[in-house]
Amino acid sequence: MHHPQAASRNGAAQAAPDILARLRARSPRIHCITNAVAQNFTANVLLAAGCIPSMTLSPEEIGAFVAGAQGLLVNLGTFDAERREATKIAVDAVVRAKLPWVLDPVFVDRAPPRAAFARELIGRGPAAVRLNHAEFSALGGGSMTRENAIGYARAKRTVVALSGETDLITDGARVAAVANGHALMAKVTAMGCAGSALVTACLAVEPDAFRAAAAALVIIGVAGELAAEKSTGPGSFAVAIIDALHDLDGPKLVARAKVD
Amino acid sequence: MHHPQAASRNGAAQAAPDILARLRARSPRIHCITNAVAQNFTANVLLAAGCIPSMTLSPEEIGAFVAGAQGLLVNLGTFDAERREATKIAVDAVVRAKLPWVLDPVFVDRAPPRAAFARELIGRGPAAVRLNHAEFSALGGGSMTRENAIGYARAKRTVVALSGETDLITDGARVAAVANGHALMAKVTAMGCAGSALVTACLAVEPDAFRAAAAALVIIGVAGELAAEKSTGPGSFAVAIIDALHDLDGPKLVARAKVD
Amino acid sequence: MHHPQAASRNGAAQAAPDILARLRARSPRIHCITNAVAQNFTANVLLAAGCIPSMTLSPEEIGAFVAGAQGLLVNLGTFDAERREATKIAVDAVVRAKLPWVLDPVFVDRAPPRAAFARELIGRGPAAVRLNHAEFSALGGGSMTRENAIGYARAKRTVVALSGETDLITDGARVAAVANGHALMAKVTAMGCAGSALVTACLAVEPDAFRAAAAALVIIGVAGELAAEKSTGPGSFAVAIIDALHDLDGPKLVARAKVD
């Protein structure tokens, strides 16, 4: 359900149309360290939203690529030596250039070395961390309650964006619950990774990380709802969500945003 | 053509609806060591069939990933040092945990080091080997006759699933010929790799590897036939087969299975 | 607009239908060293055009793969140590076997080590170099005028295929301007990489590199125009262009080729 008053309270829903318009107008370049499964879909999601993706992992040049970008996504989906090295260089570059970056600690609940690396990265100050409940627990966030999320965001001085049936976004002070999206989003690989790339993109054009993260999740969620209306399964859905993102505009966002 | 009596003989066709139902009910996690070309499509095929894909190749953590999975696919499609190392660790883990695993020795006919590695892997006891005629010859199977396939399966104590216009599946005693599928399947990259991932998935829920492999090839073949009816070329076919797999059920399988 | 007389002048447009027919008839195998973002889409484009893609990067076997192929694409899109090593071996093999190869120096304008490597490769004699204006400048081509392109092609003894709203192809003597294509092509990741793979494929069946490159750009451009008529955004466009390529024939090319 749409709760315009609640949305008014934290401004998250209202910001989405304007943030989307800025993505289209500024075309930020978003550098993504992401897994091979997700690279193609993530690039197409960024392009459909009006951004420019770049994806190189080479230690020799990732520093230059990141320094010239407007944002960085670090997704731990395939956690190999090359990506770990690339991540260290890229995070150094992004911290030096004071650019926004996002951590998506995929599957940290499955393997301890990945969780240790994610914790180290959180200490470097990502603007936002996007993760699910199991990943949140594995990073020491505790069980996934609203209070734990707020506490974790405050302690780590970051925005936490917890994905679930309703996404919960908090910067430790404000909280937004985004109820947009569709069940088919869980049936397409890399959908979460692409959503995190969109969080990064919104951070590139909106300095308030809380608003940027909430706007990104409204944008991808509304695109998912529109796509579901034209799909007959997860294959056609994955195609339709790219079309829907490309076609998305302020009025559609306003009509469908469900932010509490 | 549909041969219900032949199907009755080895039980392969009858098992498919039940095995598909188990995939939906149990959602096995299938770890895939596969080439970068195939990763995304393979993951989406597994998701559409009701499974959970995982794909990490990092030597530090693939052991933990595989030990917690319900099956492992080893596809030699891009045969780099990282994947060779990952494969060794993963096969050790899967053998230790007594989990089913499948070898897809892609292109062993093109390069001798790949064939040597495939032979070594076959010695580790995969539940099934999925390959085409040229690959079968390159591994010492001889020309692709029914007798050679049976002999090879018996000698290696594995299930051989030979792909072709009609797929031949044998465990050295029983033989099934699956005639489902569509010509467009050969025009989509990674279709064979995804089929092998589905063989792995069926092995995760069906202890009889012969029945599991035959069921998987019926499932992907019937999905291909349904997809072809809604496609205008290989691009829309690749999308439609994901939708068809997601939508597939027992009655559709029974109506279309062509197993001899 | 269609300029049949201009097309007559350099023969580029006339050659396209025949070159496409040869792709279908001969099914050349095209080995691609390309970035992980582009591998799947590139493979599907090659398959739709009637070719066989192969993509391995393993140093141990890429030499054998390339020696048995009919053409090689070197795309610098993800410039990691593995791909650099693979490239050196592959270019040695292709030069030894006198096979055509194409360089796509993606993003050489973004990082100096990549530009240095690209220059070294151009010295090895690619049949064609496909690049955009920024990449052309970064390689010392100067600003992107017709004269600079001609001069560069002559100096480097290669065919230069400069992509832009109109593609410019020159071998230092002849010049063709291909005006086919659609704006949505820039909204799909890997579209340019796939186009370069198609240039390689055409070189595998047409010894005149100038005609081959122009034909490839007409083929992908016309497929793009046909796809746009059936698309509602970049997602459906990426699917439709594969269908259109698969369905493409001589009469459609003749009706739509815009070569000057």
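Chains: A, B and C, in written order; residue numbering restarts at 1 for each.
Here is the rule we use: contacts are C-beta pairs under 8 Å (C-beta built on N, C-alpha and C of every residue); 3 or more make two chains touch, one makes a residue touch a chain.
Not measured: the values here are computed from a predicted model.
Asker: Classify the chain contact graph as line, ring, star, complete or other.
Answerer: complete
Asker: For the copies subunit A and subunit B, give the interface type as same if over half of its residue numbers appear on both sides, and as different if under half do.
Answerer: Since fewer than half of the residue numbers are used by both chains, the interface counts as different.
Asker: Averaging over Cα atoms per chain, report the distance between subunit A and subunit B in Å.
Answerer: Computed from C-alpha means, the inter-chain centre distance equals 34 Å.
Asker: I need the residues of subunit B touching at least two other chains; which ones are they?
Answerer: 36, 40, 238-239
Asker: Per the contact definition, I'd like the list of subunit A residues that touch subunit C in the complex.
Answerer: Spelled out, the residues of subunit A in touch with subunit C are 36, 39-40, 43-44, 47-48, 53-58, 60-61, 64-65, 68, 82, 238-247.
Asker: Spell out the part of subunit C that touches subunit A in their complex, as residue ranges.
Answerer: By the definition above, subunit C touches subunit A via 35-38, 40-41, 77-81, 107, 110-114, 187-190, 231-236, 238-239.
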